[in-house]
Every structure is written in C-alpha cells, then in structure tokens.
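We just call them A, B, C and D in the order they show up, numbering each chain from 1.
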Amino acid sequence: MKAVSFQIYKGETFGLVGESGSGKTTIGRAIIRINEASGGQILFRGKRIDGRIEAALDRELIQGIQMIFQDPLSSLNERAKVDYIVSEGLYQTKPGLSGAQRLSIVEKALLEVGLLPEFASRFPHEFSGGQRQRIGIARSLVMEPELIIADEPISALDVSIRAQVLNLLSRLQKEKGLTYLFIAHDLSVVRFISDRIAVINRGELVELADSEELFTRPLHPYTRALLSAIPIPDPIQERNKEILIYDPSCHDYSKEKPAWREAMRGHWVLANGQEVDSYLKLAPIPATEQT
Amino acid sequence: MNSTTVLEVRDLVVKFRLRGRVLTAIRGASLELYEGEALAIVGESGSGKSVFTKTFIGMLDQNGWVDSGSIDFEGRDLTRQRTEGEWMGLRGRKIAMVFQDPMTSLNPLVPVGRQIGEVLTLHKGMTKDQARSAVVELLDRVGIPEPASRSRQLPHEYSGGMRQRAVIAMAIAAGPRILICDEPTTALDVTIQAQILKLVKALQKDFGFTTIYITHDLGVVANVADRVAVMYAGKIVETGTAEEIFYDARHPYTWALLSSLPQLGVKGQNLYSIAGTPPNLFNEIKGDAFAPRNPRAQKIDFEYEPPMFEVSPTHHAATWLLDPRSPKVDPPPAIQAMRARYQGRAS
Amino acid sequence: MMRAPDAEAMKAIDSRLFEFADYDASAGERAGYSNYSYWRSTLGMFLAKRSSRLFLWMLGILLLFTFVQPFLPGQRDPTTIFNDPATGMQYRNVPPGGQFWLGTNSIGQDLWARIWSGTRTSLLIGLSVGLAEMLIGIAFGALWGYVRRLDRVMTEIYNVLDNIPTTVLLMLLAYIMKPSFQTMVIAMCSVGWLGLARFVRNQIVIIRDREYNLASRCLGTPTRRIIAKNLLPYLVSVIMLQTALSIPGTIGWEVFLTYIGLGLPVSIPSLGNLVNEGRMIMMSEELRYQLIFPTVLLSIITISFYVLGNAFSDASDPRNHT
Amino acid sequence: MLRYAFKRLSQSLVTLFIVVSFVFLLMRLLPIEGYFGDRFQKMSKEAIQAGLQKMGLLDPWYQQLGHFYSDLLRGDLGVSNIYRRDVPITKILAPRIPYSVGFGLVAVVVAMSVGLTMGVSMAKHKDRIQDRLGTFYIVFAHAVPLAVYLLFVQLYGTSLFKLPLLFDKYQPLSWILPGISMSLNGIAFYAMWMRRYMVDELSKDYVKLARAKGLSSGAIMVRHVMRNAYVPMAQYLPAAILTTIGGSIYIESLYSIPGMGGLLVDVIQRQDNTMVQALVLIFSSIGILGLFLGDLLMAFFDPRIRLVKGEGSR
C-alpha cells in the first residue's frame, strides 16, 4: 500500500473499486482497525482513530463503524445460533439488557433485513448464501452504526440474489441515514450504488469523482481500461465495443512526478501537470453514451 | 449461421445419490448445438448447467448417473457409453473443456509445457520432441510472451490470466470439435476477463470449433454468444439467439436474470429482484419450478409443467405465459427499455 | 428438435387455471429450513456406524466391569500369593480353569484378579495423562496460536522438544526420576502434550483469521469470549479425538518403560507389568496364557479407544453431515 | 536449491546446539550413583565429593558445558563409568554403529517401499477389499502398542517359522525377524498418509482437467497424482526416522542386536550416566538430521517451497 487519502461524507455511498491485490480490502480493514495502518491518519467524526486510542473512543467506534463481509459462508460462526450472532455486539454496547430485550432487538433486526423472526433460534448452516448475507447485515444493524464498510458484499452471491441485497442496502441507507464505504471489483455494481467512486490500482488511488462524472469522463488510462472491460448486457453494443488495455509504462514521469490533482471540480486524478492537460483534451466520450 | 447439428441432447435426466437420498439434477433438458456456433448456457449455481455439460464428456461424479434421455454426437448416443476406453477417444480429442479456476486446474508440480504436450502425444501421436515445439507454437498462439522459456515453467510462475491461456491452449491442442468453457472468467479480474473472452472468440474463428460457454453472468454472454440457453432447476427454460434473449425474452426467470443486473438498473430506484432461493432438487417439483418465486404466477403454474412454446423458429420458452389463454403480463421496465432501445436502433 | 406443445393435451387443461395465484413472498425464505444442530448431527453420524456402536458397547461394559470387579463376590486379592492347603506349596503356574479362572502366575497370584487390577492401574495412568496432556496442550497451543508475539519463542521450544526422539526423552525423564506411579504420569505428560499443542495451534491459526472472527472483533467482543464462543467450540471434537488417542498411546509407553525396567514396581499390577511377566515365560507353550490374556484385554481397550476416537472425529466434521 | 539447503543447514545447526545444550543440562539431574556404580554403596561422603570433583561435576554448569563442547569438538564423548569402566565411549560405540545404521536404513527403505505401494493401492481401490484390509492393518499397528505386538512377531516367528530367536551376525536367517519388526510400524504409517494424500490429490481440479484432456485413469495416477502425493510424504521421512529410532531401541534389545539402541537400554538398566548422556545426544542428533533431510527432500520435489520463503508471497 502506498499513501492514500480520501474523505467520505455523511450519508453518501463511497465506492472503492480495484482489481484483486489492489489494496482495497486493506483500506477497509484499516478503517475498522483490524489491520493497522503503518502511517498516515484516519479520522472519524473529526477524531483520529488510528494507533492507540482511549477506551471511550474505542467503544464509540465499535458502535459507530461496522462491517459487512464478502463471504457469507465464513463470516458467520457456524457453532452459534442466529440469535447470538446478531446480538453479539449488544453485549458490549448495551451490557445491561435482559435476554428478552435482546431477543426483541434481534427479531426486529431480522425483520428489517427481510428474514423471519423465527430464524433466531437456528444455526447459520440452515440458510442460503443470500439469507446468510442478510444475517450479516442484521448483525451490523443492531449496533446502529453511522458508517458501514461493505467489503464485496455481493460478489459471492448468486446473480438472482444480488439484486435483493443491493436493494436492501439502499433501503436501509434511506431509512437510517447510513453512510457506506462500498468496496468492490465490479464497476457496474459500484456505479449503481455509489455517489462517488475512487479507483485504486496497486495500492494507489488513481482517480476519484462523482460516479456519473467518472463514467462519462474517465481521465486516468487505468480507469478507462477498467470501464471498457465492463460487460454490457446488450449483444450489439457488446460485440462492437473496444477494449482498452492499461499499460503502466505509458506514463512519463521522468520530468515531473505524478501527484493527486483536482483536474476538475471534485474530480481528482493521479497525474503530473502535463498529463492532466492531455487527459482533459482527450475527454473521451465513453462507450455507454454512444447509444 | 450454419445449421448442421453437432450435438443433440434429448430429454436428459441426471440423478445423484447423496447420503441415501436421490437428487434429480437435470430434469429432462433438451438442447441442440449447431456447427460453428457459440452457445451460452446461463443459470445460477445449482441450476445444473455444469452437470449438464459434464455428461457430454462422461465426467459426472461417481455418485451421479444419466437416468434417461440421449445425447447424440457423431452418430453415437453418448449416454450409452460406459467404458473408459470409449470416452478416451472423445475427451480432449473431440470435446475439450476449460474449467473455472485456472489457479487449481493445472498440476502445480509439472511444467506447463509438459502438461500441454501430454495432449499432443496422446491424441495426435506426436513424439515428445514434436510435441515440445508444437507446444511453443500453441502458447504463442494464445498470447503467452516468450513461449519457449515459459513452457518450461511451473504454473505458480504464471499469473491467473496466463494460466487460463495455458489451459485454453491445452484444450484446443488436439483440435476438438466442441470446446466447453465452464465459467472461464469468473475467477479473473474484469480486464483480464475481457482479454480471455476475446482470445476464445478469435481461436474459434481460426480453428472452427463450436463453443459452449457456461456462465451465470449475462453480461459475459452478450459478448460471446450467438445463441443462449437459460437453465433453471435442471431444465432449459428458454433458448434463442442472443438478440432474442436480450431484447425479447419471454420467460419470467430470464426477465429476472436480466433486469437484476445493475447495468440495467436506474440509480436511486430498486433493482428488479426475485425473492427466495432456487428449489431444493431433492424434492419432487410439481408444475413450473420457478412458480414459487414468481409474483405473477398463475394457478396452472403450480399444477402443470409448461411445455416449450415456440416464439420464433429459433426462440422457444417454457412458460404458460405464452399460452393464448393466459392473461397478458408485461415484462419488467428494464426489459421493456431494452426492447425499445433495440427497436429504436433497428428503425 | 424442440418439443411442440401437444395440442390435444393443451386443450384439455381447465382454462380457469390461467389466473394469477396468491403470492407469498416469505414462502421462498422458508425454503432453507432443515432443523440442524451441530451436536445432534455429530452424535447421529457417530452412532449411525455399526462399528462405533459395537466398540462403544464393548468399551462401556469393559470399563464398567473393570471398576466394579473388586466389589463382586468371590474375587481374590491381586497381590496375595496363594498356597495349596494340601501341600503348603504356592499355586505356581496353575493353568486356567477350575479354581483360578485364568490360572495363576509363577509365584501363585490369581491372574484374573491381577488382570483387572492391572487394567485399573493402566487406565488410571492413561486417563490422568490424557487429562493433563489435554490441559497443557490446549493452554500452550492456544497461546501459541492466538498470541502472535509468542509464536517465535514457542515454536523454538517446540522444535527443541520435538527433535529429540520421544522414546529417548521419555526414557531419560523416567530414568532421572525414581520409578513410581507419579514418575510415569509426569514423564509421559512431559512428552505427550507436544502433539496436541501443535494441533491446537494449527487449528487456531486456521480459524483465527476467518471472517467471523474479524466480525467479532469489529463488534468489540473481548478476546476471552472470542476464544470461548468462536474458537473452542470448533476445537472440542479435535481435542476429544487427541485425548482418546492418547490413552492407547500411554498404555503402550507404560509397557515399554516396564520392559526397560523404568516402569512401576512389581508390587503394583499394571498391564505393563503383566505383559512383561508374560514375556519372560512366553517361550514355553503351556505358560503362554500368562502373556495372551493380558495382551488380548490390552488390545481390546486400545483398539476401542482408537476406533472410537477416529469415528468421533469423522462424525464431528460438518462436511460429513447431511 | 543450494542456497536453500545452506540456509536450512544453518538452522539445523542452531537447533542442534540448543538441543544438545538442553539435553546436557538435563543430564545434570541424573542420580549421582550412576557415576560410581557398585562402589557407590561403600564410598564415604568425602570420597563421593572427591570423585565428582574429579569428573568436573561440581563446577558451575556453564563451565561444564564449555568443557563438554571442547571435548566434543575433539571427538571425545568421555569415558564409561560402569558398563566398561574407563573405556572411552567412542571406542565402545564404534563397532555398534554399523548394526544400528544398517538396520535403521533397511527399516526405512522397506517401510517406505512397502508402505507407499500399499497406500497407492489402497487409494486406487478405495472402499474395496484392498482398502479394507489395509485399513485393518493400519488400525491394528497404530492402536496396539508396538511393545506388545512385536512380542508376538518374535513369538510366532520363532515357533511357526522356526526362525532364530536371537540375532547372530553369522546367520542371515536371524536378520529376518528384527528387520520385519522394525518396518512394520513404518509401513502402517506410510500407507496411512500415502492413502490420505492420494485421495486428497484425486479430488483436486487438475485431476479433473487431466481427465477432460483424455488421459486414462492409470496415466493420471502415475504421471500426476502419485508424483504430487510423494511431496508431502517427504515430510514424514523424519518422523519415520524418529519412530524407527524409538522402535530400534526396543527391537535391538529384544533380539540382542549389538547396536546402539540395545546398548541404551543396557546402560540405563545399569545406570551408567556418561553412556546414557552420549547415547541420548547421538539419538537426538540423528533426529535433527532426519528433519533436515526431510525438508531438503520436500524442497527438491516441490520448487515452490524454496521460492516462497525467499521472495515473499507471489
């Protein structure tokens, strides 16, 4: 990982896109403090949350930031009942609850994610991938977090299930004013759900913009290559599209080092001055608008 | 399109025995494969699409068997082949297969070149030396740089995309008539995925084989397939040319598959989604298997299994919606939008 | 050829069926229910095998009898030397049958009583060693696997102990201490926990970074509850297997140490002592029963533990569950 | 490969140093009568102290360790106290080494060839009669203590096949029983793991692909599966050597083979401390050597092992 900076605004969905090994998961885990950041700062509600922090802040963070995992098979404890899995966080944040109170919170959370309350007494083994993923979502919901880090939440699910989970995430965002950091490798999914998108390549952010802006005016050659590779479910368009291949050696950084620059309002790109100019001149019309 | 039939499957039923219970994985699927075409079989996990194609090369797992139906290929009924010897003349030679995960489908301890060479010495009767130079040519053809030195390396020295290229080289080495690609790109990054699909398409043009793609991703299908077959719960529920499936789908399951793609969604609105999960194949399925998940299901869907209705000579769908007596049901908005766009473009 | 709808059959269908049916969205959600419980399935799988049921019964009856035997009527003391009242001579090497069911040994002790007494001693050693190994092994293994900072040191300790052949280390420890019951137990514990510790460690390393543990950390669950709720339940079956296997192992070591002369004093009957006594006279055919009887019982016990341990470990693997 | 071997060798030397020092220090706890033998009963306290002083046993432990190492480097393992009083231990050991090494090698080779073949055949005929018989043997060999079933090998070997009861180097027939005894456990061990690895390998994707290529199941077995299953087997070589050492101690003594294992039992029974120390150190070194060889073998078969550590992950 190289140095990476970005801000996530309250109530938005911030998409982080990159291919395998790009470091996108590392960023998510650094924010939720599973991995330690070796340098730099992470701020949440204006307070620094990396490195050593006080116990009170720690509690606040556990409550305020939650995570949804990629693999619905391994992200639930097979030896515990749904009841315990969903309520696990309450033991820390609300230690005084009685069993009945906890159960009612669990049942409410299950209903919210479209599952039946009677599932509370069952084991994860009994559920399908989509249902398990929703149990995982319920588990983070009971904490009433402000920020949810969703690390590839639908990539391990069946196609017909993905839409359910995406819809659920959007609905919960509207109802509860959640903020999402949505990490994925699939640009079409990220475009659908995100307000802003950051593209990461080999541990470096290369571009960041509002999602429609990014799709209509991708600047960095890597972003352009990624966009060109998205499969389009339309045979005529798809057969005629041109695939761009990103060659990392296309940059000439001998004279001027690249920097994180704001090429247009709110549209950032990793480039040197000369490159920014040439990118803007190109300002390509993306394939998706040709129709 | 050439309309000579290469392979014809009729009413195939495949069953598995699992811990004392019998599961019907394929429930009477029929399909034709035409010479030189690219056919995509689309379905989610558990729909039986992999099992279906495995019967073409006799590679069902030990506990599975073809219960009834036939598979005609070059005048033979493949379901009647029993011995290893009968299959060996076919596997890799006439029908080749590329598997999903290139990371695990090569033997980690044998040099890549040697693994490809095996096919040549086996099916083309080459000597080891002949095979060696043929392998280098093949590797070059599938776009592996420095093929001569690369062929001596072990799989772990290859990247994921390169491995899949090597596996493809292996599959086409004996000049098969049919190439089956089982989710060839799911394990790869999007950029690599596009390159691999392009490669297979180019090879198909050069070598003239017929391709079957198995995939769950309709986006991939649009790029490569001439024809699409949609599979649900062990049955083919709709077949048609790529245009017919994408612009004029008739089966509600196809609608669901298409319109749940985020590419077709409108931001800020819900994606069209289908509730529930596919049926348990251990149980007897009555009527239309998709009915319990279909909000617009009719009573007949729970009683009788729908036959294949003909939409056009190339387009068939198994849904009671095509019966003239059924009430009219409009496809979801995303499907209508696709159709409108297509018609707009055509006029 | 695609099947065309059969016109006749189609017409016969009641047209009233072409109406929308009621739709219940939650029906799809219910589909997955199977009423599964991990422990119930494990037990079910375990008992489903005929061989496990057989060995379970055999071992159960054997263990019960071993501990009940001294309280049954008509039992003799295992260490008393019996004299023939007629001649006043010891009942030396009396063959099985009649007065002494399994005969007597070379100094006139009742073999039947000695075998059961020996089994008690050996099982006691086996169980205490198994239990102690379990405690040490889990504690060491859990720390080794879960606390990353300790990994280097503990790996080094393990390597050193593992590099000395177990037999040699065991002999050495038994030699340094004087032969006694405690010596046996301590020496065997010192060498036996190693395997379990590594096993537990490897398991924990595998489980430690699974996503559900990360989830627990995100939820702020304290380490002790992660260990109790997330890790140990996965290890119980493994631990039980290892403990079950350590019992036949321990009995084997006991026989070996006794052979070298580092075992229990002759005054305490144990399976090791009995086998060793039998070995000295095994070349004479008519006395061979003194070797056969103890070894048969010993083999039944060790094989039962071994087979049951493995059957349980198979049954506890969720991949084998229906 | 050479670099890996060198790295691994230096690691082994460090381990050897630690093990030797550890065992040496453990030896300081030996009962002191073991330095004097029968004389011990009659000796006065002063005489004992003087004797210990003379042997350097009252020095601080680090001095003793230093002496020990400087002697060791000169190839001096000290003298025997009781077994053959004041004879240098190296002299006692020298004629015995060929027997132990010979039998040990034969045991490992026989166990490997028979065990691996058995494992392969069990995997090939999984759930059929070969597999069941093999499994029965494996359960028996693992569950019934070595010390017990080897007695029966000796017993019935001599009574049924009229083979000699004790070892006699001039009579080749007498080599058979100890040779078999030493391999039996190893055979079970190798067969069990080989079967398990073969079954594992058979379920892997590359086997599926090899089948799809049109290779016959026989060719897949030989060219792919067996080869790959041998690699993890290499890691069991050291363990097999370790258990062979353990077994040889018992077997050499059972058949009165004049090797080092039987000697260890002898000197323990006769409480000769310096001999015990020397033998324990030798056996521990063989153990470390075995681990080292096993690792080299693994790296030889599987090049990924030597690369991964040097270059980090991928």
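Just so it is clear, contacts are C-beta pairs under 8 Å (C-beta built on N, C-alpha and C of every residue); 3 or more make two chains touch, one makes a residue touch a chain.
Since the structure is predicted, the reported quantities are computational estimates derived from the model, not experimental observations.
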Average the CA atoms of each chain to get its centre, and name the chain whose centre is farthest from that of chain B. D
Pick the pair with more C-beta contacts: A-B or B-C? A-B
Centroid of chain A to centroid of chain B, CA atoms only: how many Å? 31
Using mean CA coordinates as chain centres, what's the chain B-chain C distance in Å? 49
Report the inter-chain centroid distance for chain C and chain D in whole angstrom, where each centroid is the mean of the CA atoms. 25
List the centre-to-centre spacing of chain A and chain D in whole Å, with centres computed as mean CA coordinates. 55
So which stretches of chain B touch two or more other chains? 275, 277
Among all residues of chain A, which ones touch two or more of the remaining chains? 128, 131
Multi-chain contact sites of chain D, meaning residues that touch two or more partners: none
Chains touch one another in the pairs A-B, A-C, B-C, B-D, C-D
Quick check: in the complex, which residue numbers of chain D touch chain C? 15, 18-19, 22-23, 26, 29-31, 139-140, 142-148, 151-152, 155, 158-159, 165, 242-243, 245-247, 249-250, 253, 264-265, 268-269, 276, 280, 283-284, 286-288, 291
Residue ranges of chain A in contact with chain C within the complex: 29, 32, 34, 58-59, 62, 65-67, 69-71, 74-80, 84, 88-89, 91-93, 114-116, 122-123, 125-128, 131, 136, 139-140, 143
In the complex, chain D touches chain B at residues 204-206, 208-217, 223-224, 227-228, 231, 301-304, 307
Across the complex, what residues on chain B touch chain D? 57, 59, 84, 88-93, 96-97, 99, 101, 104-110, 118-119, 122-123, 154, 156, 167, 170, 174
Interface with chain C, chain B side, in the complex: residues 19, 30, 32, 239, 275-277, 279-280, 291-304, 307-310, 316, 320, 323, 325-327
